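Next come two complexes built around chain A: one with chain B, the other with chain C.
Right after this comes the complex of A and B.
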């Protein structure tokens, strides 16, 4: 029985990565949920919006690096992040102005909006591949680790260490700040309240004199800013590759629906639940159990529920289960 | 009678006249399809060897040789069979250099080579399945089977005293085949593969795959993948979490880009990739200079060697009949005998004409093993101070 080793092992391979991943999903799901709350459609272009914001941030990072400007040991990308946010907001506002507004004026069906957003997704994906190309881009600099595996192993004096990457800590910190700011905005400010009113009942909000175009503009701005932040943090922590933003759309939608569509708190909750499910379901608990069991004993198999090949299936299963059992999500939200 | 004599003479000498016609060699390569960029220099390399023999003036008493191209595609077995059939029945080739891909090669072997009894040497079909296929002795290849690298990695691991290893492979035919052969070879020598996990290329995060392998443990992680794809991601995640510190890297992972990215973190890792310290490769590169292709492009040396081997075997047998010279292919390729490098085919032909023995080395340090395929030369490298360092050739 070696609890310390078992805990360190689990922390290193499950808890720490899942918290960082959960924070990234939560930011993405917040953006999707806000667009759904205000504009009432599932924005499939959100993944590419993340990708676009990240791309702009990367280009700005490269520029800063070339100029020799940095904030070591923090990654330069943090300094470039506002530029990425601006880029994503610009694209979101422009697509709304020239694409979505057209359908809004016609009072188009939500399903039409969703299909239009798929079109926007493909156009954005094309633009991104023209500008930065389909390849991997690594733009993380600064110190890689806050605590390395070896240091923590030596410090704790046990067999297993816990590696904590700087980017994981930054991800969690930035997420906390952004989510706190967002909730403050939605609950305390005039326009935040206007947005919630608009989301609750569009007609009543219009009657009370809320400018719908302004609300929509703010919603896009917030969603795009969240997208750029989420994408850049994801890219910093893992790697930037245009293709993965199509894949990450699935866990993000699963998180949004699980939490309750249009519910910001639900989006954050959903993000973490999906992340922890994905990681624990595909984790092989063999060595963890070996530490907990009697000395010299180890399970024969890997004690793994699902092969890692099926990681994305976890999101699918959550999605289907939620839609069947509790279509409103954990926190009662809208139903698609 | 005066009229009949010339006719008789003509009839008698017809066979002799026929003998002075050029010998035709089929260049059955995937000129269109997925391998088209690969094949262009390959075919030129193969044809360079044919021209060298033809120009030597000593091939089978001064006969010339011409190549005849046929398109085997890479994925269309029916098209490959039709092209091979045309080469054999209507062009009348006496040997085939081809086909490019394993699937096309298998189809041609079954449908054309065996029924017609014609020798075929493939420069680039590497599927392990071709080692066990029934070929009546007519099929050879100058490229090693993918299984060969697995054996070499197994030998290296055992020689280094590594008793357990975790294994990950890129989820495609190459990765799976290589992983299977590594596992089989290593476990046959007493090693233990603790866990096998596939990884998909093009993902951002491989920590889940690494976590699985880490749970199973192992002294090293064998990464049968690509250095600019998932293989790199697996190494990154393994280093980040401290799961593995040493890696074994087959050919798809050996490259400067990997050491440039990870630097000294990879120190102690072992790499294997096709390579030879034989001077043949650089001689071929020099020979190809100014001819519109590079002699060291992938599979160009193999293709040159395939053509050379066909013609040297004919010379050794003194016949262009496949049924006769098929038994001479291994003889000219292997020791004993005078070593023959690229550009020295004339010397080889002369030695054979005098009844001597040659050991064709060619551009790939060719050594044919049972059942008529290249043993393959592999380079073993170790990362030291963030740089690849060659330590041995296998």
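Right after this comes the complex of A and C.
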């Protein structure tokens, strides 16, 4: 029985990665949920919007690196992030102006919006692949680890260490700041309140003199900014692959629905729940159990519930469970 | 109206003939084959979207299931694998059945409050029981000659049987997903189908004992003659020389493509006949009534959820048939080639462009969009060459843009979808 080792093992392979991944999903799900709440449709282009913002941030990073500007030991990408945000916001606002506004004025069916967002997704996917190519891009520089495996092992005086990557800490820090700002905006400012009112009851909000175009514009701006930040953090933490952003849409949607559509708090909760379930279910608990069991004993198999190849299945099962048990999500969202 | 349809189809035929004359007839026949398969898929999506207004974005998964069925039906069985693992596989199947029976029985026996915990407990117990037999069995199967087989193989039946069977398998998956997600709001169905399609691809990619995974299954037996046999067959050489062919190899390849063309056209004709009959029947009118006003149809006593499930399953089955046909044409199953942009969203562009709700429109959309998808690459190259002409040939930008030329097809498809949705939402051939 070695609790300290067992805990360190779990922290290293499950808790730390899941927190970072959960923060990335939460940022993505916040964007989806805001669009869901204000414009009332599932935005299939959100993944490509994340990808686009990240691409702009990468290009800016390369430019800064070529100029020799950096903020070592922090990654240069952090300095380039505002450019990525601007890029994503510009794309979102432009697509809204030239694509979605037309359907909004006609009060089109949400499904029509979703199909149109597929068109936007195609265009963005094409642009991204032409500009940066379909291959992996690694753009993380700066210090790799904040706490290395070896140091933490020595410090704690046990067999297992906890490695903390710098990108993981940055992810969590940036997420905390962004989410705090967002909630402050939604709860305290005039336009934040207007947005919540509009999301609650469109007609009532119109009657009380809220400008719908303005609300929609703010919603797109926030969603795109969150998308660019989420994508860049994800790319920093892992690598940037254009095709991954269609797959990451699934856990993001699962988090959105799990949290309750149109509920920012729910989106954050949902992001972390999905991330933790995904990492826990696909982790092999063999060594963890060996530490907890009697001396010299280890389980026969890997004690892995699901191979890592099936991590999509986790989001899907969560999605189905929510649909069956509580279609409104954890925090009661909009449901028809 | 009919004149317009005839005109569009005539134009389409002319364009394909143009490809034959200016590029080569082999290319034209190849494109036409995939056009026919795409048209079947588009018909499946049109049943779901056009008749009933269901937004399915999991077409890729149902297509892949059809492809998997083609492998499982037509490949020769690997006797050795069955010999070493057949018993354990049977036991794990038995445990699966026992688990399901136990859950169903227990859910009836216990009070409602204990239902969820008991179900979860039984699922976990069943999971370990199944894995007890299943994991060693798959390890033994995958260890057999991994470079060549390492999977169970198929049934060794003619591949044509796989086409209807592929439809059935896809229909089963469609029934399961429809049971869960239909009846809730429309976006949920979309997201659920997106999920199931990714899972199906993951299963095909990673369950090597079943499908060889990323090692791919190649050499699926053909329903048509092989080129190597044709060039040596007396009757074919006679026929080809009488038709004035000089290059026997090319003539053989053309003949094989023509055989496929006949088979695919026959399937498309059958599916089309059923689809048209269904659309014009009282059932089709009821579907459209439900699509246009769900509440009114429900008030008239129509069971909306059951009808939706019905049409959803039919559409999935059609996509499954097309998937089996595609795997047959390729002669292989390559899980990595299944990407959503090509197998799901492209089919959507076909249906939207052709005219949702109109079967002739969906088929036309399948033809037009596939042709554009294939020809977008030379077009993109030409476009990029034109754009980069003023730049020096060795400049980085010019090289980069030329390398990305293949992806102009995504831009083109997105632009088509957006323009059609905006300016001609009814498509080329509107619904009657």
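Assume the second predicted complex is superposed on the first by the 335 of 336 C-alpha atoms of A that agree within 3 Å, B and C clash if a C-alpha of one lies under 4 Å from a C-alpha of the other, contacts with A are read in each partner's own complex, and residues count from 1 in each chain.
The working rule: a residue touches a chain if its C-beta (ideal position, glycine included) is under 8 Å from a C-beta of that chain, and two chains touch if they have at least 3 such contacts.
Just so it is clear, the structure is predicted and the values come from calculations on it, not from any experiment.
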item	value
Which superposed partner A:243 touches (first chain B, second chain C, both, neither)	both
Touching partner for A:114 - first (chain B), second (chain C), both, neither	second
Which of chain B and chain C A:278 touches, first, second, both or neither	first
Touched partner set for A:129, first chain B, second chain C, both or neither	second
Partner chain in contact with A:70 - chain B first, chain C second, else both or neither	neither
First, second, both or neither for A:309, with chain B first and chain C second	both
Which superposed partner A:286 touches (first chain B, second chain C, both, neither)	first
Interface residues of chain A shared between complexes with chain B and chain C	243, 247, 307, 309
Residues on chain C engaged by chain A in the complex (per definition of touch)	53, 55, 57, 127, 131, 135, 180-181, 184-188, 190-192, 194-196, 198-199, 202-203, 205-206, 339-341, 345, 348-349, 352, 400-401, 403-405, 407-415, 417-418, 421-422, 425
Residues of chain A defined as touching chain C within the complex	41-42, 44, 99, 102, 110-112, 114-116, 118-127, 129-131, 133-134, 243, 246-247, 249-250, 253-254, 257, 301, 305, 307, 309-310, 312-313, 315-316, 319-320, 323-324, 327, 335-336
Of all residues in chain B, those that touch chain A in their complex	171, 195, 197-200, 202-205, 207-209, 211-212, 214-217, 228, 232-233, 236, 240-243, 261
Chain B contact footprint on chain A (complex, rising order)	12-14, 17, 21, 135-136, 138, 144-145, 148-150, 153, 161, 163, 165, 234-235, 238-241, 243-244, 247-248, 278-279, 282-288, 302-304, 307-309, 311
